[in-house]
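Look at the two complexes coming up: chain A is in both, with chain B in one and chain C in the other.
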Partner chain A sequence: MQSLRDIGSRYNDLQDAADELKAALRKCKNKEERGHLRQKLTDKKQELRRFKASLAGQELQAYKDYHMIRREIKRCEMLKRFDKTGSKVFRVINPVYIYMFPAAFHSVFFTLMPFIFMIVGAFFKLDLVDIKSSKFVKLWNFYMVLVRDDEFWRAFGNTFLFAVLTVFLLMVVTVLMSSWLSKNTKIHNIAQTMIFTPHISSMVAVGILWVLMLDPQGIINQILAFFGIKGPNWLMDSRTSLFSVALVTVWKSIGYYCLIIIAGLQSLPKDVYEAAKLDKAGKWTILRKITLPLLTPTLSFVFIMKFINSFKSFAAIDVMTQGGPQGSSMVLGYWIYNAGRVKFNYGFAMVGSIVLTIMVAACTALANKGFKKED
Partner chain B sequence: MEDKTFTHLTKAYSPKEIKDKEHFLLWVRIKRRLLYCLKIVNYLVLIAVGLMFVYPFTWMASMSLRPLVDALSFAPGIWVADPQWNNYLYAWNQARISHYVGNSVKYSILVMGLQYFTLIPAAFGFATMKFKGKKLLWGSKLLGMMLPAEATFIPVYYFYSKMGLVDNWFGLIMPSLVAMFGIFMFKNAFEAIPGEVLEAARMDKAKNRTIMLKIMVPMIAPVLITHLITSFISNWNEYYWVLVMTNRESLRTLPVALRGLLQVDEGVPQWNVAMAGTMIQLAPILLMYIFASGKIKTAMVGDRKIKI
Partner chain C sequence: MADIHLQNIVKIYGISKNQKKRRGIFSKEKELPAKRAVDDVTLTIPHGSFTVLVGPSGCGKTTMLRMIAGLEEITDGKIMMADIDITNLDPGDRGLAMVFQNYALYPHMTVRENIEFGLVNARIPRFEIKERVDHALDVVGLTEYAMRKPAKLSGGQRQRVALARAIAKYPECFLMDEPLSNLDAKLRSEMRTELIQLHEELKSTFIYVTHDQIEAMTMGTNIVVMNEGKIMQQGTPTEIHNDPNCVFVAQFVGDPGMNIVPVADYQVGFRPRDVEFDCAVADDDHVILRCNVKSFENHGSEFLYQLDTPEKIFVKEMSKTQRPLTDMLTVRIHRKNLYVFGRDGKRIYVNEEVGKAYAEFKRHWQPV
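For the complex of A and B:
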């Protein structure tokens, strides 16, 4: 019977020898010697295994403990080494640059470089397959798009019309609905949940669904026929196509904006309403004179964001009308996609992109200015 | 004297007054009933309006189970006499929806798994650390949020094609990994943590990565869950980017494939199959929504309130 300490020292000796052999093996280049060393290493491992097999009960437990301790020590040593190199690196570089690297890369690769490419590319007849063969054409692209292309101006006007339509419809519907829905009963909650459903489903699914609903024989026209109205061919008629798409996007996002406004409503100060009740103000007066003015900052922020975002509505148009009959529902985003990815007129697409960017930037700047004044 | 006071007390109401009082009470009762009726009507209208938003999805489910002849009649009813589960099988196998479902799952899981390695350090840096070029970087991130993807996709496509990243999983998920929305969200959450926590940790000479991973991230766990939900929904529904950056079918995700189901060379598309595919696309999110509607609603709406 050996003492437990003896087991520890014997284990450590064997393990040290094995580690030394391993290190030697790593350094050694000579093939013959390597084989020799490897043989020795396997011998040592065998010995260790035999040693372990010879132990039992408390001794085996001691062996295992020593094993754990050794592993822990090794781990700590490794961490120390890691920390040393780490601090050496971080003494030179601020670690924040490592944290920021993906964000910065993203910024350069997806924002700044495309931005420059877009502006420069607008002056070239671009050939993306062989970029060197693209020709410098001065303002020809701008001339072709801004002067000669009627469809572009139509798309430009449609973009604004679409944004105004969606925002106007949304504003009217959501303000009325949210003041109606803003209560905490179970039924109100269920109704809110139901109204929110389209927002989380994808635009493609909603688009496909509404292509069916707005079919000349679809549900909407069946309902209209029930009241004796002959419904138009919603999506295939150049007079109604843009309006229909706007209607669908509004339908999809009513729930979302309702909930935002309800959240705003419920955070309004209660005492104002109590004072109004004491003065026996009617519901309509309260809505007009108290709620709307208090809610204006929220509302304006939300709807300006919506206005800007609706410049970017691509999926709805793509699924439902593909730019519509005779370009009646063509918006700028879709026009760019068409020019670049379908017709391969990259220069034209660049001009369109510049116009779209200017539109978005101008609206954002205006919005920011407005908000700063309010503060 | 005594008599007078007595009569004064007993003759509280004259007959006319009693009649008036009864009228009044009756009126109150009627009014209460009316209000109760109105309340019920209000509830009914509420549910009806709610149904306006749910009914199309139910109808879609019913369409997906009809035989093609019935589907083309666009009947508004929901009940299907003999459900054709074959439509789903057809969509799953012949229309290769299974392949696209796999791609969608892969895309969302890749983005959801990898984005936190880049989002959280960036947000942490923006929220708590000082470094050169912070304002510049933040400005360029804001510019990136303003610059619509519709305007920049051609240059990005060109860079991708030069780097061999078109039709490549890494290229596909790359822009979503550092989405500005997430940085915003986590930055706000980090800034909401009281500064004393950070100071105490710095006093104890904790390293930045320790502060970030061991102290700050556990403190913003609710925000993480919120972000997980929103990012799953938005990635599962992602359309534009996948459409623009892929040429081959092998990488396209479910929404793009659904769009393809509508494009047929001649005649009408097989609406019942298209509906089945769409149902498959909607199913995970709708199921999630049925079981955790409150969580999802607050996740999608609640945190944007901070910015407003």
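For the complex of A and C:
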């Protein structure tokens, strides 16, 4: 019968010896000596195993506990070593560069280089198949697009019109919708989920669905006919095509923007609403005088971002109208695609892209300036 | 006069099904046990009084205030203002004004617009609004800040704006929900005196919620001590301090609270201040305690000693010199300064029982 402490010391002695042998084995280069050491090490391990086998009950438990303690100490030492090497490495290399690398790689190769290529390419009559046969044409591309091409200017105007339409529709719908949905009951949660679903599905699927629905004999016109209204030929009419596409884009993004606005609503201070209640404010007054002013920062940020983003819209137009009857739903994004990938006039497409870039940059700069003032 | 009567007010949280709580994804939904935040309270708040609801946190005092304001639904009971039942009235129609703990100013409006908002909603003519706002700003001394936004004011100024917003409504009753707890100590005592002056000036009812018993004692004319949704005692500050009717009130009021010593079937209490030091002459009307000192606090002009006993006993000495901690402390307590409570914490007024408790206390604690 050994006392439990003796078991611990014996176990530790054996383990220490084994560890020493292991360290020696790691250092040793001589082949013969290595074999010798390895033999010794296996002996020690055997001894340890036999020692363990000779124990039972409480003693075995003590052995296990000592084993766990030893492992824990070893682990902590290892972690300390890890920390030390980590700090050593990061003292030499600033970790910022490591974190930055993926993003930097992405922006250089997929944004900056194409951007430069776009600017240079705009001065050439490009042939992407046989790049050597490209010709330097000075400002000819710019002249053709900006002066001679009526459709381009139409697309330019349409882009703005489309952005204004989407943002206006979206703003009205989402503000009303989210002030209704911001409560936290079962019905509201279900409604939130339903509204959010279109955002997850792809624009192409949504577009195809709406093409069917907006067909002259489609479901929407059937419903209108039920009320005795003769619906327009939504997508094929040059007067309604842009509006129809804007409607679909809005429908798809309601959920997403609602979610943002609901988050904004729920972060508004509660006691202000209680104060308003004591100030005899009705529901309409609260919405007009309290909620909207308090929500303005969120709203303006969200909708300016949406405005800028809708300059880039492409998929909806491509699926639903392909630029629409007589270019009535042609926006810049689709015009660029059309000039480059359909008509193979890459020079023109690049000029269009430059114009679009300038537009987006100007709007973003304006927005940034506006937001800075508010702070 | 518009006294406010609360009749058998009850507030129970956690009975509606929406308030089921769910922790983690796989754990079962379990219903919260219904909690009585305010438990069958009947209370009369006299017109023109400065009523302070005081109690430890979670005792239901804020809930009660919010029920009076109409911000919280009442589970059962009735609130009467004079002879009008206001239980189901909208908050705006009750003729009350409330000052919130974190001011609850409208951040997008200027100070003037903040004060005007309630008046405009009450459809008060414009010339009168102007008059009232100017008066309110004058009372709180913020006339030159009228065109500022709340974000550009300091904490004390914001609190004043909230006050002005309440004053401009000419309410029957001011409700204040810990309005001073966000201010720093010095500003707090300043605002305290200002509130007292304001109360004297306006002569309307103030209902003031606080957990700070010093605030309650200094400001209130009518103090309501609450615990666990029930009213423990109501009375003037002097009554509350000198004549507590239960152990809870005795221990809650005072800094530190009353020392409570269990003796046989009684609990005997005395205030830390009501002791004489270094008096070992025993007689019938005095009890003498001799103890070691466990720790002390220096309050500047007075010293607070904790005695080395199983119960926490503090004694306070008005002195500028500190006693050596190694010495035994001898204190003498007069019989009239002893309060006797029963096992259930209720005060005992019966003379015989008080005498019995006194004898027991003397037998247990006085060194032979």
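To be clear about the criterion, the second predicted complex is superposed on the first by the 272 of 375 C-alpha atoms of A that agree within 3 Å, B and C clash if a C-alpha of one lies under 4 Å from a C-alpha of the other, contacts with A are read in each partner's own complex, and residues count from 1 in each chain.
In the analysis below, a contact is a pair of C-beta atoms (placed from the backbone, for glycine too) under 8 Å apart; a residue touches a chain by one contact, two chains touch by 3 or more.
It should be emphasised that the depicted structure is a prediction, and the values quoted were computed from it without experimental measurement.
Visitor: With chain A superposed, do chain B and chain C clash or fit?
Guide: Here chain B and chain C can both sit on chain A without a clash.
Visitor: Just to be sure I read the superposition right, which of the two partners does A:Gly35 touch: chain B = first, chain C = second, or both, or neither?
Guide: Touch partners of A:Gly35: none, neither chain B nor chain C.
Visitor: Once chain A of both complexes is superposed, is A:Phe109 in touch with chain B (first), chain C (second), both, or neither?
Guide: A:Phe109: touches chain B, not chain C.
Visitor: Should A:Leu294 be classified as contacting the first partner (chain B), the second (chain C), both, or neither?
Guide: second
Visitor: Counting touched residues of chain A, say whether chain B or chain C comes out ahead.
Guide: Between chain B and chain C, the winner on chain A residue contacts is B.
Visitor: According to the stated criteria, A:Phe196 is in contact with first (chain B), second (chain C), both, or neither; which is it?
Guide: first
Visitor: Kindly classify A:Thr285 by the partners it touches after superposition: chain B alone (first), chain C alone (second), both, or neither?
Guide: A:Thr285 contacts chain C only, not chain B.
Visitor: Check whether A:Val272 is in contact with chain B, with chain C, with both or with neither, and answer first, second, both or neither.
Guide: second
Visitor: Between chain B and chain C, whom does A:Gly370 touch in the aligned arrangement: first, second, both, or neither?
Guide: neither
Visitor: After superposing the two complexes, find the smallest distance in angstrom between C-alpha atoms of chain B and C-alpha atoms of chain C.
Guide: 9
Visitor: Which chain A residues lie in the overlap of the chain B contact set and the chain C contact set?
Guide: Common interface on chain A, chain B vs chain C: nothing in common.
Visitor: Provide the residue numbers of chain A that touch chain C in the complex, in ascending order.
Guide: It is residues 185, 269, 271-272, 274-282, 285, 289-290, 293-294, 296 of chain A that touch chain C.
Visitor: Could you list, by residue number, the parts of chain C that touch chain A in their complex?
Guide: Spelled out, the residues of chain C in touch with chain A are 18, 69-71, 90-93, 96-98, 100-102, 104-109, 117-118, 121-122, 165.
Visitor: Which residues of chain A touch chain B in the complex?
Guide: 94-100, 102-115, 117-118, 121, 128, 131, 177, 181, 187-188, 190-205, 208-213, 215, 217-219, 222-223, 251, 254-256, 259-260, 263-264, 267, 297-298, 301-302, 311-312, 314-315, 318-319, 332-333, 336-337, 340-341, 346, 349-350, 352-354, 356-357, 360-361, 364
Visitor: So in the complex, which bits of chain B are touching chain A?
Guide: 43, 46-47, 49-51, 53-54, 56-57, 59-60, 63, 73-74, 76, 118, 121-122, 124-125, 129, 131, 137, 140-141, 143-144, 146-159, 161, 174-175, 177-178, 183, 208-209, 233, 236-237, 239-240, 243-244, 255-256, 258-259, 262, 271, 274-275, 278, 281-282, 285-286, 289, 293, 296-297, 300-302, 304-305, 308
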